[in-house]
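These notes are about the structure you will find just below.
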Amino acid sequence: MTERRLPTEAEVRGYLRERRNWGRWGPDDEAGAINLITPAKRAAAARLVKSGRSVSLSRPFPKEPGPGNAFPAQHWMRTVPRGRGGFAADYYGIFYHGVASTHLDALCHTWDEAGMWNGRDPAKEITFDGATFGSVDRWAEGIVTRGVLLDVPRHRGHPHVTLDRPVHGWELEEICRARGIRLEPGDAVCVYSGREAWQAAHPDTPYGRPFGGAPDRPGLHVSCLPFLRDHDVAVLVWDMMDHMPIGYDVAWAVHGAIFAYGVALLDNALLEPLARACQDEARDEFMLVIAPLRVPGGTGSPANPLALF
Amino acid sequence: MTERRLPTEAEVRGYLRERRNWGRWGPDDEAGAINLITPAKRAAAARLVKSGRSVSLSRPFPKEPGPGNAFPAQHWMRTVPRGRGGFAADYYGIFYHGVASTHLDALCHTWDEAGMWNGRDPAKEITFDGATFGSVDRWAEGIVTRGVLLDVPRHRGHPHVTLDRPVHGWELEEICRARGIRLEPGDAVCVYSGREAWQAAHPDTPYGRPFGGAPDRPGLHVSCLPFLRDHDVAVLVWDMMDHMPIGYDVAWAVHGAIFAYGVALLDNALLEPLARACQDEARDEFMLVIAPLRVPGGTGSPANPLALF
Amino acid sequence: MTERRLPTEAEVRGYLRERRNWGRWGPDDEAGAINLITPAKRAAAARLVKSGRSVSLSRPFPKEPGPGNAFPAQHWMRTVPRGRGGFAADYYGIFYHGVASTHLDALCHTWDEAGMWNGRDPAKEITFDGATFGSVDRWAEGIVTRGVLLDVPRHRGHPHVTLDRPVHGWELEEICRARGIRLEPGDAVCVYSGREAWQAAHPDTPYGRPFGGAPDRPGLHVSCLPFLRDHDVAVLVWDMMDHMPIGYDVAWAVHGAIFAYGVALLDNALLEPLARACQDEARDEFMLVIAPLRVPGGTGSPANPLALF
Amino acid sequence: MTERRLPTEAEVRGYLRERRNWGRWGPDDEAGAINLITPAKRAAAARLVKSGRSVSLSRPFPKEPGPGNAFPAQHWMRTVPRGRGGFAADYYGIFYHGVASTHLDALCHTWDEAGMWNGRDPAKEITFDGATFGSVDRWAEGIVTRGVLLDVPRHRGHPHVTLDRPVHGWELEEICRARGIRLEPGDAVCVYSGREAWQAAHPDTPYGRPFGGAPDRPGLHVSCLPFLRDHDVAVLVWDMMDHMPIGYDVAWAVHGAIFAYGVALLDNALLEPLARACQDEARDEFMLVIAPLRVPGGTGSPANPLALF
């Protein structure tokens, strides 16, 4: 996958069909590539912690309305007296998928015409009460694994990915080679594309819009799919997401890794501080902990992923 | 604090006044006892991970209404077609304080007549937009430390704490001695009281009610306050909470550790599986990770704490 | 229908099958019995206004949690400064069906094995985005008609209907006869059963529970169905609802009037003040105005129905 | 007030100070100008109903996100099986103030440096649980009165009001004279400014933004205040709102009628169909019914106002 050549339409379809992981962990498996994160893998991840520095990969809870935040998160306060004291409590509400909130996608989140993860039928599995297959509570024990940063701006010498130059699978390979990174099954790959710098350079352009026609936007090309599959990546943590337009006649580009490979996506991560920490610590790897809310039937979860050095 | 004697009213007031940590980390400090969790402490916690077993300390997101869940969490689904495929997304909404949801209390959550953490005035700091002091986003980098289980049912040989026998500070000391546990500053103490077993034995009695008169309920006695302070505990993780009635004329019993000592409380934890894991692994300590949502001005956060062995 | 005899199972099925109004206003009609409320009917209703007294038939927005209010309505406040002044604004949120909130049921709200109103299939018409047939916005211009009070407590000489004595269709006929009331097509019948008095007499018994097993409760017997059909009632306004258990093997008793006859139900009305006003004014009829929120695809609406004398 | 001259700063302050209605209905009055709507006034309004035509003045519940709808209303569906049938229910949630939703403003909604309606202090009356003075439930019995349409586009011969030509008080007087309209105390004045036509002509310009800097926008000039006061208007129903910028150093322009005069504002009404109906019926007056939700402590209510001809 290191040849610098755009895949053909047939090849892209092949990414999502021939190479898919359906049945790999049994026909009823709901954990997907998270199966690659064994206890031994978690223990190895913990051994990466040296300095004890902790970095949050979460953007703030997106309460402010705006063109890039069509459904602002709700935060409502209440105070209640109690004896001669009292307490403050609050309500949080969020429609967390989209481009504003740092969140995890569960395996039930996306599908194409062939179905959901492991071949399930969304018309049966997605109900008014939640998803009955591949929901986020299948990962209740958290996602704890080795995280590896692939820093595209640093590699390119430009503060952010641009619309005219998507991130390709071969570029991710090049970054690994250049940095001496060897990926292992079950790793969480954190692809930093410089979203904050891009947004600062385009203050009036939202990175995405809700529902319907997504705008053009910079990000990862569908050619990243085989990269994820070749390396048995379990988690993709990213700040920019799929490059748009996709350029191929598929419903989903990199987001197809959810239903095809069983990969967990951690969307809208805040990776600028992580990139800085990796430079400070002169490291590209760390322990990554994602602790999704334990929502029965949930399609994902807002999250505050932590990188520990 | 190992004398088995109920404190006097004056002593209890002393817990909350003379021994408080106000100013200990500076007059403007908003992190409280979490300051005790240094990078070195985090690194040491990571070194506790051996087998890689991960245990969630979270109850399921409390969607079901009922006498013990006066404000059910909201979970609403939507599906959206996209090309020949589609996606499912959902809304989560929760008024998470109370007795139903596993959640973290921030330092702004409680106060008594002397004020909030570090002496701040709730009338000034608690606004309609959120708290301006001691909010949960001060702990955005997560709480990563050594967790220690104090298993009261195991110690007592009875499946759950009962109303007529609260957990006292001296009992926690006894458990530490019996188990050979040495607490260190910055530890997270997990006090397991057998809440699930208690609920199963009292199926029609809610553990608490919203606002106004709390019902009688088993839990931790105010005498646990000096235990927390003596050992410089940073986090209290518990399944049962303050024994009610308090029995003293104070607004808050163990919940006073929030504003008096700057301790983080992790309420309504699910500790039965943790107790089982500790027995299986023949250990009482583990790496604990709490990753609160990064909500500006928030008074706490629903959370899925992870214990790593 | 004035014979005091319980209907057979076959007769009850007949109420919902043989007598249904499907097709009566065309195969695609979504307004149901509200078609009976012509402009002339509305004008006649307005002519009933004499004294100008206005009575609200709405209970307060059910914010308080409790056994009879499993999903409390949300009311969250915010204040915002503006120049040297400011403003207060608030959020209202409500899952309004059930027994706590005064609300209107749209024609898409209920169905049995034969389908929704006019024979539509709920699997097709009820989507994640709302109902595509028989939604409340089909009644956007409001429901304005003659209201008639049938006061059961007054008729019985007992402050409320009891579980051992449901309201039967023949009793409603008797009340009409006794009071000299002549019903006309398109009328809104307000059946007052003394719910407040009943609740006061049974303070710990909720009138209903969410989902699943409804408790036994006093109310209107399925024998009221032919009463509604015989008189071409357009709207049923009631404080108590279907007597439970139904006593017949049907999914819905009086609530079957929605899908079988196209009748609008106004559930959990506050009728005690209306009953008092009718006595004061020595009248049984009035102008009734129901102004549902104009929610595209909505299954009903919280409402504040007004009776004008 | 028919002189075509812009008021001075001092005159505008005089509108809000010298002419205010504080104390007019007693120092504790919470109903404001709605006191002018007596039972006799309601009865007279009902006598205006001739043809029985009903017109909704409500825009659809604003579910769709967009630049003019920063906080989209929530509509979430659920279906629940029941026997061999089932039901559909839904949740409505709305932060209804702003420019998207048709809603009523209660007297507690706005204030300036002199205070709220009747001189109350917002710091005392606006609590986390709702307003304790001037809340919408003071109007629980509904607002039923004579409605009068003032059709600015028809008067001007232009489909909508423009930014360079605000609606002034003297223009409203001219419309009354031209149409032979005599206003009476307690009337609801419906000022149609052609908002739909304006929006169609400016598809990318939102009529307003949430919080902070309001954009320039066409609407009613502060000179309309004395018009409302001179005629003892009880309710202002409008599609466009205050012209922005105000042009005077006051926190509120026409919205000042709330706290100064006790007038009920019905914001974001849909008046185009009303204007059409008035032309069809060759009338300028009708019975108007506004039935706000009965929310204790609420600052207003989404509403579906009905005009009956």
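Per-chain numbering from 1; labels A, B, C and D assigned in written order.
Everything below uses one rule, namely that a residue touches a chain if its C-beta (ideal position, glycine included) is under 8 Å from a C-beta of that chain, and two chains touch if they have at least 3 such contacts.
Because the structure is predicted, anything quoted here is derived from the model rather than measured.
Chemist: Show me the overlap between the contact partners of subunit A and those of subunit B.
Modeler: Joint contacts, listed by label: C, D.
Chemist: For subunit B superposed on subunit C via Cα atoms, how large is the rotation, as a multiple of 5°?
Modeler: Answer in degrees: 180, to the nearest 5.
Chemist: Would you mind telling me which chain pair, A-C or A-D, is linked by more contacting C-beta pairs?
Modeler: Higher contact count goes to A-D.
Chemist: Whole-Å distance, subunit A centre to subunit D centre, using C-alpha means?
Modeler: 46
Chemist: Would you kindly tell me how far, in whole Å, the mean C-alpha position of subunit C lies from that of subunit A?
Modeler: Taking the mean C-alpha position of each chain, the two centres sit 48 Å apart.
Chemist: Name the residues of subunit A that each touch 2 or more other chains.
Modeler: 74, 77-79, 91, 128-129, in rising order.
Chemist: Could you list, by residue number, the parts of subunit C that touch subunit A in their complex?
Modeler: 74, 76-78, 91, 128
Chemist: Any idea which subunit A residues touch subunit B in the complex?
Modeler: Going by the criterion above, the answer is residues 38-44, 46-47, 49-56, 58-61, 63, 74-75, 77-80, 82-98, 102, 108-113, 122, 126-131, 137, 140-142, 144, 211, 249-252, 287, 289-306, 308.
Chemist: Which residues of subunit C touch subunit B in their complex?
Modeler: 65-67, 70-72, 77-79, 128-129, 210
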